[in-house]
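Labels A, B, C and D are assigned to the chains in the order they are written; within every chain, residues are numbered from 1.
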Amino acid sequence: MSDDVFHYQPAESALSYRFGRVPSVAGVQPWRLLRIDTWDCYGGRVTSVEDLPSEVCEFPNLNPVSGPIDVNGVRAGDTLAIHIVSLTPRQPFGFSSTFPHFGTLTSTTATATLQPPLPERVWRYEIDGGSITYQARGSDYRVAMPLAPMLGTIGVAPAAGESLSTLMPGPHGGNLDIPEITAGATVYLGVNVEGGQFSIGDGHARQGHGEISGAAVEIPLTVELIVDVIPGVRTLWPRIETDTAIYSVGCARPLEDAVRIGGVDLTGWVRELTGLDSHDAYQLIAQAGDVTIGNVCDALYTAPASIGKRDLRGAEAYGGTHRQLRHLADSFRNRP
Amino acid sequence: MSDDVFHYQPAESALSYRFGRVPSVAGVQPWRLLRIDTWDCYGGRVTSVEDLPSEVCEFPNLNPVSGPIDVNGVRAGDTLAIHIVSLTPRQPFGFSSTFPHFGTLTSTTATATLQPPLPERVWRYEIDGGSITYQARGSDYRVAMPLAPMLGTIGVAPAAGESLSTLMPGPHGGNLDIPEITAGATVYLGVNVEGGQFSIGDGHARQGHGEISGAAVEIPLTVELIVDVIPGVRTLWPRIETDTAIYSVGCARPLEDAVRIGGVDLTGWVRELTGLDSHDAYQLIAQAGDVTIGNVCDALYTAPASIGKRDLRGAEAYGGTHRQLRHLADSFRNRP
Amino acid sequence: MSDDVFHYQPAESALSYRFGRVPSVAGVQPWRLLRIDTWDCYGGRVTSVEDLPSEVCEFPNLNPVSGPIDVNGVRAGDTLAIHIVSLTPRQPFGFSSTFPHFGTLTSTTATATLQPPLPERVWRYEIDGGSITYQARGSDYRVAMPLAPMLGTIGVAPAAGESLSTLMPGPHGGNLDIPEITAGATVYLGVNVEGGQFSIGDGHARQGHGEISGAAVEIPLTVELIVDVIPGVRTLWPRIETDTAIYSVGCARPLEDAVRIGGVDLTGWVRELTGLDSHDAYQLIAQAGDVTIGNVCDALYTAPASIGKRDLRGAEAYGGTHRQLRHLADSFRNRP
Amino acid sequence: MSDDVFHYQPAESALSYRFGRVPSVAGVQPWRLLRIDTWDCYGGRVTSVEDLPSEVCEFPNLNPVSGPIDVNGVRAGDTLAIHIVSLTPRQPFGFSSTFPHFGTLTSTTATATLQPPLPERVWRYEIDGGSITYQARGSDYRVAMPLAPMLGTIGVAPAAGESLSTLMPGPHGGNLDIPEITAGATVYLGVNVEGGQFSIGDGHARQGHGEISGAAVEIPLTVELIVDVIPGVRTLWPRIETDTAIYSVGCARPLEDAVRIGGVDLTGWVRELTGLDSHDAYQLIAQAGDVTIGNVCDALYTAPASIGKRDLRGAEAYGGTHRQLRHLADSFRNRP
């Protein structure tokens, strides 16, 4: 690729811990290849299994993001499309951990109980080619599993002038923790402020749907992106498009509310794309679609509702934005 | 196959609408091929898109099951393994519908609001070879999708002498609505009464995870099963095993509680199978495992937590029961 | 009072642990004084602070009820009114406890986590006249609080032929754990079977709204009741009437669903009683009414929505049933 | 009272719609009488029953607060005590309303369904001396109920540098909607930034527990306050103290999580005040305490867990702050 690619490599002091009301670090153009380095959710403070997050990290400085970055010409009321070209680990290992009173299979600060926390423990995963290796802490059990890099946190400045912790998902995106947000996917986010102010971070070498321990295999990434603007089109909840499916992401507690939000948003989207009435669209999604779980551990839970494109009979979302960005990504990739 | 296969073909009057405290209709032996006909969730009353369930069905007689059937030699405290050999639609079409105040994207009798119900509507799906065809009601939109038969309801008599509607899922199984319960899968259920008293019903030609409209593509099935007994082994929540993965099914509201139950049960199961301690097992599941959604529409929601067998390094659940039943099913299938 | 009062004093072996599909122990007439002895939720097995419920009780034999009792002339589709005349402790002390993985401030079998249970502990309360005394276990802290006897469990045979554990609340009543169910209150329950088959139990010397430890101050009671029948009038959810207010009780998880059920039922009830349209009734309840919490510890949570009678401008529920039963109770009380 | 009382009377343009990252409008001293005018939640835009909020209000400019106000000498890690001396309606009438897809007995943007919203409707209440009068819109039904002014929204700048909509409750306070926050009560809030930056608004002429229609009887108030600082003492969740009870307020969804948070916080507080161990404190709260519902309509629900002071045997919270502020308020009140 050309040498003049935008490459943002933030120092720790330049990282951000909030979406909204943060000064932009750069402005970029649509349709250009962007390269952005992200730090892991521990801000790089966990360097061995001896480094307990509660000791080495400084709350609330968790889950740092790189940004915010302004996109030239984007305005409130537009939709920002962020196409992920590639996700490359910046080191051959990653870490995961439990946190005290955080995660799915423990009481938490929200699902509060009088029980003491589970023990805090850190795991180191070796990354080797296309696989990563789990190594138990209490025994010599090891098992390799596929490397499957994904971007945990991606968002824009939220509505209503709010400034939200990067630990929080919502209509603005944020800490979505959805494995489908990987290379080849396009994320659509409704824009609330001039420039959009997008930030990314929280790379995962892999993550099970649910992220039930409260952490994935956390790694720093180099992320290649292309952004596009769909002017004058509002997007209420985060949406994802891949070559084969479209997704509406609900963010809420309890988890069934996240499912409801995703389902209602997807019903409306399918209705627009197919001309079906609401009830026919609801029925089609119910039989042909799917609902998965992003995470069940954060401040709000996330659930993507999806349907395959073949069931949409060729309809194209956002005027074919994903297809165009995909082609553009290929052209960048094939450049000498 | 041999002609002396047990084949239970209940008349409508022989169907049951509850698990527990229902007289058994038959006794069977483990390790024999069983053939059981099931009716659809409407009890066959919906015969065209003009038949609204609220008019043609007689509440509470919904979701009939075939059974209960006693397994010789099974006792309270044992585990019953039910291996699904095949699921064959008994007619070349199925129906789906909305119900008033039932489903995920509507207020319901539990998530009660002052809003009127969504309109009740029925859809007819044609089954042709390996595909089924969706036909919109409000337009000529049609799309074919893969036939993927599954068994929505499978359970035993519940604990504590309860008698529960077949609409209810729980530790006894019941209305689980999990697409993974299909041909080739083994379902494990804890036994609470002499004989176990298992029943099955609620066949689906296909169903999206979530079953968000409150109904799948409902069809009558001929179900081929083999049952086995694991004596003296308790199973607290429904479990599923396929050739590639094991699943623990949580049943609860809110949905995150179903996820928690499935996750805790799977953690304990993985611990037993691998020798990992609880925290290492939790971590392994979080990165290698998955949590999906069975349904978000019934009296309780269901969520299967799963992990692939390759991550268990060859450990076999329930002493290899699934593998043995799978082989036996093959031997039946290959018999002249 | 007259000597010919019906007085049911069940032995332990006559107690029941389910609502529905239990043979009736007696038949009674409306408008007669009934005296029924109840056992505490431990079945009398906890006799000192050394008796841990998990050791002395035999699961699932918890929360026994006295009954079921048939009311002559009651049929499915009617409403049964049960007026509580008096609640008298049958011993000068009561017990409370935690249970492992049960209660509000702990993970439970439904809100499952990997954490070990809180310690099981029993407290003994002395009852002396109108007060009961809390005595800490870990120190000499003592404090007296008002005796406020209430009936935790009251219900009829459920719909759809189900048989439900007495630990479960629902449309049939059951384990409601609502402090407003006390002497002077009338409980209305929809009848599902001939005779109604009501049972009562689970007396509390007092209970905070929420019953957050999972147990109140548990005592055996002698309960004086009068029952009445409102023929042909359906009651969908438990309702309560006192001299000053009416209550609709929602039973569900999550807790907001219990609130929604109670709120919708009360809105409909107020609409009927006042002639207000639904939206005006909703508004009146929102400002004049109240929602409290029965319990947040059982299989389903309970929440009574209420409004004061003065805001109903003299309208009488169920044709004045409560007022009539109240007068009748007074006449029994004043008899020589 | 003296003429030099601080009296803040913001114009509409000076109102704020967020907590955190808003420039302070004034600095005040502890132990001085403060008088602050608040606007109603509609920003004064609803002036008759013809003014529909969705038409006259400009989203997201709802629920304006007066402030933020710095308290001299307050620092992050301190607790700010805000004692409410008096709440005086600034007009002899108030308004309530439904909003489309907002409230408890309707689907909402979070509990999303495909159903259309309930009709939007406005009610006007006349305030006359100590009573307010409900007037139905669809009939001539009128009923008077007691005037019971309370402050719906009270908070400080949140932690982690966040800036949150005034519609949101949380650890920083915010839109708590708890009827116990009335004249004579002291609210304790943990301070996150220099000066604390407290704001108040959203006066209610009265509100049922639950605020189930999504709005109380909304009125502009003149609020008299005295603030105090408890240096070096952290307060994790909002707490309230009255002459007779102490309250810990949980803010979460689902509602049981709000109950859990309040219960755990109160258990810790009672433990500190009484020397009881956690389990004895839990038991005491369960029997002597209470859990009520603040609101079940906002972005997070609120639930105060409380216990009467007589059960604490004279222990004083925060070194007697409430008692001292109460005396000071009396002295101001009695000044010539």
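By our rule, a contact is a pair of C-beta atoms (placed from the backbone, for glycine too) under 8 Å apart; a residue touches a chain by one contact, two chains touch by 3 or more.
Remember, predicted model here, so these are calculated numbers, not experimental data.
Enquirer: What shortest step count links subunit A and subunit C in the network of chain contacts?
Expert: Graph distance in the chain contact network comes out at 1.
Enquirer: Hey, which chain ends up farthest from subunit A, C-alpha centres compared?
Expert: With centres defined by C-alpha atoms, farthest from subunit A sits C.
Enquirer: Using mean CA coordinates as chain centres, what's the subunit A-subunit D distance in Å?
Expert: 35
Enquirer: Rounded to a whole Å, what is the gap between the Cα centroids of subunit C and subunit D?
Expert: 33
Enquirer: Just curious, how far off is subunit D from subunit B if you go by their C-alpha centres, in Å?
Expert: 48
Enquirer: Subunit A: which residues touch two or more other chains?
Expert: Residues 105, 111-114, 118, 253-254, 260, 263-264, 267, 279, 282.
Enquirer: In the complex, go through subunit C and note every residue touching subunit A.
Expert: Its residues touching subunit A are 105-107, 111-118, 254.
Enquirer: Spell out the part of subunit D that touches subunit A in their complex, as residue ranges.
Expert: Against subunit A, subunit D makes touches at 17-18, 20-21, 60, 109-114, 159-165, 250, 252-254, 257, 260-261, 263-265, 267, 278-279, 282.
Enquirer: Inside the complex, what are the residues of subunit B that reach subunit A?
Expert: For subunit B paired with subunit A, touching residues are 96, 98, 104-105, 118-119, 121, 123, 125, 134, 136-139, 141, 143, 145, 206-217, 253-256, 259-260, 263-264, 267, 274-277, 279-280, 282-293, 296, 301, 303, 305, 310-311, 313.
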